[in-house]
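Before I ask anything, let me first share the structure, which is written out below as structure tokens.
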Amino acid sequence: MADQTPSPQLFNVQIDGVWHQFPKGTRVIEACARVGVFVPRYCYHKKLSSPGNCRMCLIEMGFPRLGPDRKPELGADGKPIINWIPRPQISCAQDVSEGMAVRTNSPLVKECQRGVMEFLLINHPLDCPICDQAGECRLQEFSVDFGNSKSRFLENKVKKPKNVVLGPRVTLDDERCILCSRCIRFCQEIAHDDVLGFVDRGSYTALTAHPGKRLENNYSLNTVDICPVGALTSTDFRFKMRVWFLKETKSICTSCATGCNTIIGTREDVIYRQTPRENDHVNSCWMCDYGRLNFKYLEAENRLLEPQIRSDGNLIAVDWPMAIAEAALQLKQFAGHEIAIIASGRMTNEELWLTSQLAKSLGVQWIDIVPRRGPGDDILLSEDRNPNTNGARLILRPTSEPGAKLTAIAEAVKSGEVKALMILKENTMHLGISVEQLARLPALIAMNVLSNEATEKATVVLPACSFAEKRGSMINGKGRLQRLNRAVRPPGNARDDWEILRDLLQAVGGGDSLSSVDDVFRRISETVPQFAGLTLSKIGDLGVHILQMEELPTMRPSDEENIEQAVAIQARRRAVRSH
Amino acid sequence: MSPFLFWVFALMTLIFGAAVVVNRNPVASALSLVVSFLGLAALFMSLDAFFVGIIQVLVYAGAVMVLFLFIIMLLNLQAEERRRINWLAAAGGIGVAVILLVQICFVIGDFQAAQQTFPPLAGSTDDVWNIGALLFRNYNLPFQIVGVLVLVATVGVVLLSKREPR
Amino acid sequence: MPFTTREIELPDPVTRVAAADAALREPADADIGEKMVLNMGPSHPATHGVLRLILELDGEIITKATPDIGFLHRGDEKIAENMQYNQFVPYTDRLDYLAPLSNNVAYALAVEKLMAWEIPPRGKAIRTICCETSRISSHLMGLGAMALDLGAMTVFLYTFTEREKLYDLFELLTGARFTTSYTRVGGQIRDLPEHFIPQLKKFLDDFGPSLDECDKLLTRNRIFVDRTKDIGVISKERAIAYALSGPNLRGSGIEHDLRHKHPYLDYDNYDFDVVIGSAGDCYDRYLVRIEEMRQSVRILRQVIDKLPGGPINVADWKNMTPPKSRVMTKMEELIHHFIVVTEGLDAPPGEIYFAAENPKGELGFYINSRGGGVPYRLKIRAPSFVNLSILPELLPGCMVSDVPAVLGSLDFVMGECDR
Amino acid sequence: MDFAFVVTSLLKIVGILVVILTMVSYAVYAERRVSAFIQDRLGPNRVGPAGLFQPIADMFKLLLKEDFTPRSANTFYYWLAPCLAVMPAIITIAVVPFGSTLFGVPMVIADVNVGILFVFAIASLGVYGIVIGGWASNSKYPFLGGIRSSAQMLSYELSLGLAVIPVFLLVGNLRLTSVVRYQIEHGWFIAPFVGDWTNPWKWLLAIPMIISFLVFMIAIFAETNRLPFDLPEAEQELAGGYNIEYSSMKFALYFLGEYAAMITGSAVIVTLFLGGWHFPGIPDGSHGWIFGLINIAVFFAKVAALIFIFMWVRWTLPRFRYDQLMRLGWLFFFEIALVNIFLVAAILPYTSRL
Amino acid sequence: MAITVPRPKLNWRERSYLPAIVAGLAITFKHFKNMLLGRTKVTMQYPEQKWDSSLPDHYRGAPALVQDEDGRVRCVACQLCEFICPPRAIKIIPGEIPSADRFAKVEKYPEAFDIDMIRCIFCGMCEEVCPEQAIFLRKDYAITGFTRADMVHHKEKLLEIGGVMHGVVLKWNEKK
């Protein structure tokens, strides 16, 4: 243990009677957590500063009794005798020190926890039945684990504003708020958008947005995640589904190249919410609102549900073998130079590899992906809005940067040089190819999730899966290979993209023995050196860094720095106040 | 008794009698025999021999044939396989039957009594009483001897069919 | 005795199924030609549900009997692994569906053994009432069904009438006649209703004469005696060897009653006799059931006399849902209600086996807990299943007409056997 | 042939057929009601007043049900069997005098001189319906039922035949009208001393006659497959026996046959032992047509009472086992009936003394 | 203490079947007579007579949603019943009460509340876990339908069965 940590200084700390060693600077609450002793907490969050205002993490603390020689006195058992501090201490704002002793389960601690719990609950409204937090509510959990089971409170509860709209995506219920200030600190320290604060005093203290301001930054929903109670709720998820019904699938966000790690909450093939999953290499504990809410299109009206082929000018629904056979037939009519494939940076590595195989077996040269850019910020959101640009670079091995060939392809389509066009998960309208030109093409094969202008003019339409409906891998903007997992089943007859491409590949006469997406990945790992030695399951939940790129953006200060700054600010404030 | 009914029952008796032989299925054969017996009983009754007719039904149709059926079903006899007919043997059989028939015709033609019409029986005659009287007065000894013989036969059957205790 | 591991060679399931299938088809003797294979069940009036018997007959004598079960399999044990302890209570109703109350009690006691809980005296007394009334109800059904199987349908209707009276009582107590779901881990859903005890007393007073009537119709009736005496004889040794339990075991003359041997609830406070038979035939099993009903009446009278007051449920507010009035008005109670409902019991890890003397025999629950509100594995030792295991040995030598007598006297329930 | 004879015979046949068929359907209804009352239930009471239209509803139900013929069945015999089950039961009634005279016409369809033998002969054909049905269904349970039935009927036919011999020893005639006439003069056969109270021999005669009556009645139970002798259909063992594979009207015919057999059986018992249409103090039909009708009513009242007893017994007793039944028939009733004949024969010479 | 049941030995009279048959006939005739004279009352003539008056208050009939005296549908769609229901018969789609509504302070209500009565086993757990005293098992046992769809009780049907429940805690009235 000790030799692994480069930190030179290790302190001996006794936790519940057992001595452990921790590096300097470890907070007591973290030290306890590291040895498996959970100390309840509300205001403390490991990525935020510690105000120490909830008093839930009270512990008993002590130090060795020093003899006259300034050396610890040893008891009969050869261990130092501890001088316990008579009052309990908070464990979240205290670093470990040499010889420190901590008791987390003594009668005093338990009594304190009971007392704190009781105080926290006296004004809490009887909202559990309508509160979205019920089921993942720290208040419920700690009340059962540490609190009383019988209420002694007889007076009337304090009334506070309910259903306060803090911003476009966050709704506040002040009665439920336990004033832990996590949200305020998040806005200050992480989102750099200081809009929240407390007003009034005593029992009437309430959380609110500063006058004239709204909580509308792109990270506002993180406050809902870190709110230990049901005070801050997501307007989108509000009253939709109880959390205990949600099946949680670990996946990644595909809205930009950052690839934030997520948990998709689903029930019976309906996605109800996406929440960030902790991955310190990618997104820490956070996620932007844009990516988080970007799943509604899965249930859109214009979702493609049935494979279709064009017959007598109309699209008619057919079964899969027929659609694949028709697509293959149309492709095989033309020589390789008459075919163009427009792939997408939203496709997984496996799909891209199958696309490249398809291009190879058809002899296609016109192949590219559509770049997609948008404003980024210096926190998480990346300018590159394609989640797998790096994957496309690696697997399609374009001679130029992604997107460079698109203009040429568009020209070729216009000139009639290209007679067959495959559009995979993209819309050609952005490329300057008009609908009329598409309609003129003798073969237009469109694979997509939603219908668009291209699919309407297509000769074969192949309904595919969205990010939450399939398994696969992507490489984020910083070169980390991460895994998508299937959270819901695709609706209607929509099918996994890789299966469609595999069938198409086999129908045009290539590709064999690919029975699962893992097989496809295995082929990639055999051909692409960066993937060597990996399998889809080996990637793990946190991903693998496979490209020599810097992981954390330089523009962004590390969380630790941030926290240190905040701690310093607070220390200064305290100092001012104490004067 | 009208001659019409006589012909109906006579034909019934004969046809079902033939069916007993012709049928391949033993159960069907047995049932044909029952019908044949019924026709015979009807013929007896047409001669005012109610007792004999009824006994024909009671004993043969009602009891003996039920036993036959019981045995057939117990042994689970299946329908007989159709065999190739040995034409020579069939022709021989038919020949013998024809000769016999001709013979009977001659004999009956020569028999004086058969050429007369029977006088109608007296209406008050109770054939049960007649048979009883005849059996127990004129033929009492043979009747008793037959009884004893049947008893012996029964005992013998019981003894023979009794299985060795396992 | 040194502990050694023995390697058991298990063929793969496909081979096993194929072998079993072949064994079914295989002619047992050389003289199979004389034998008839009769398929009795799964829907046959005498098989009390969906038992299937493959009988090999020599005339009307059975030479081989192969029971085939599983037609009512619902996967209860697997279902239990996917739900909280209390959610499984309605499923126990459907085990021995002729005595749902005592199944409820046995299950609750099993989980309470895991939780190391002891319910208050009044709760125990109520549970004793549940067990004994359902024993009477089950035996009435068993008795009536046995008579019905032997052709005496009227007795069946008479016992049914009595059973209906009990069902009125169950309805009063639990709110349902058949699927009682009365107990919860740590107690029961409600206390005895106001009029329950007087009505129970009235039932007990009326019950004796009705039982005597059935007794008179059957016990000394030679047709009935001829049909049951020395039929389906189970010797003491075989009864033990086949792990029979309940009246079927006691009918063979073995004094084994869990209420006596391992008293649960407060059976040791009550005075009652274990009823045993002497010959182990159908007649003995019938007589034992009749007498056991009388003993149950005796126990019930004592329970009524001694009925203690006080609470009926365990007072563990962290694991039991608080009273509704407080849930509606108090924060802590509301929170505890939510957590208890959504997370279930805070059961410790460990494994327990608890068995109760149910009307049909020893109903046991084995629970393997890895902690938390859901059992890791729950195994039900169903008395009917074990009792039926003796059929292949018991039936050969009987006549076809004896099958209903034997099955009736074994008094099984396929809901429990197949579970 | 006498025209009047034909007309009256036809009228009688039609009349008795209507009465018997009505009685059969109402016997089913009665069975259900009686069994219900015995079992503390109500029975069918919804169709019509007190459920009296139930038989009609039953008939429609059975007619409208799917008429199913198993593929493996022997179709011809499968269809024939139910008819065979009904016919004998109904034909039997032809020789039973169901009344005295009405407008001078004797209330019996065919007064043959071998009446009782006729009854036995036709009744013995009844077994074919069951045996053929069991066999033709080509199924194991009906087969077992058929076998059981043939053995059982044969066995009990013996007791049946032997049990009536004492009656004919007394009457000296096989004609059923003579039996009734004898009983009018000498008292019913279950009490043959009526009118001759002082003769102790006649009192003595009553003992074998009652035994005869009991044996005959029990044998009729067995012949009609009524519980405790309903082994051919033993619901709990053979699940219905010979009629398992039958549905719709064919099943109804079996049902009809069973009840018709029960009614004719009762009619024969009434004629042989209970004085037929005679009731003390009621004169016969020669004293006016109203008395003729009353005689008929008395006859059917007696039949109805017997049917009630049939039902009453059925809903009280358990069923015998096959071997027990056979043992009972051969070792008990057969012997008793035989001894009984000798007993009567021994008493008979003394009855006319004093 | 164990008692061995005595096995009666039949005497010669009993071996002749008759005493038991006669005794049996006497018993059955007694029942017959009592039924005939209307002394026995066991059967209930169902649609005309009903057991309703004898049903205990806690009878577990059809589950139903109730309203309180104020006319508020008490269910707030907390979905505890949906969670606990052993046969998974309940399906709730929660929704937000519009701000113009009289009971907007309660915020949440069941937009759809379906109980599939084919699946329902009448165990009463929904009533037991309801933290709002909103779902009760009422004395309604005649639940019929011609199709499977008929047998799904929607919110309106549930409210119709449930009616108004008096004597429940009106906790939301304290809200602002």
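The letters A, B, C, D and E name the chains in turn, as written, and every chain counts its residues from 1.
Note that in this section contacts are C-beta pairs under 8 Å (C-beta built on N, C-alpha and C of every residue); 3 or more make two chains touch, one makes a residue touch a chain.
Note that the coordinates shown come from a computational prediction; the quantities given were computed from them, not determined experimentally.
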Any chain that touches chain C and chain B: D
Chain E reached from chain C - shortest hop count over touching chains: 1
Mutual neighbours - chains that touch chain C and chain D alike: E
Two chains sharing the most C-beta contacts: C-E
Intercentroid distance (Cα basis), chain E paired with chain B, Å: 72
Centroid distance [mean C-alpha coordinates] between chain B and chain A, Å: 100
Centre-to-centre distance between chain D and chain B (centres being mean Cα positions), rounded to whole Å: 29
Chain A-chain C separation of Cα centroids, rounded to whole Å: 53
For chain D, residues that touch 2 or more chains besides their own: 38-41, 315-317
Two or more partner chains touched - positions in chain A: 126, 128, 134, 244
Which pairs of chains touch, using the document's own definition: A-C, A-E, B-D, C-D, C-E, D-E
Complex contact set, residues of chain C against chain E: 83-84, 86-91, 154, 158, 161, 164, 168, 171-172, 174-176, 179, 181, 189-190, 193, 213, 216-217, 219-225, 229, 253, 255, 273-279, 283-284, 287-288, 290-291, 321, 324-325, 327-329, 334, 337-338, 341-342
Contact footprint of chain A on chain C as seen in their complex: 317-318, 322, 326, 328-336, 338-339, 342
Chain E partner contacts - residues on chain A that touch it in the complex: 125-126, 128-130, 134, 156-157, 159, 162-163, 238-242, 244-245
Chain E - residues contacting chain C, complex: 1-8, 10, 14-17, 19-21, 23-24, 27-28, 31, 42, 54-56, 58-60, 80, 83-84, 86, 121-125, 128-129, 131-133, 137, 168-169, 171
Residue numbers on chain D that touch chain E, as the complex places them: 34, 36-42, 312-313, 315-317
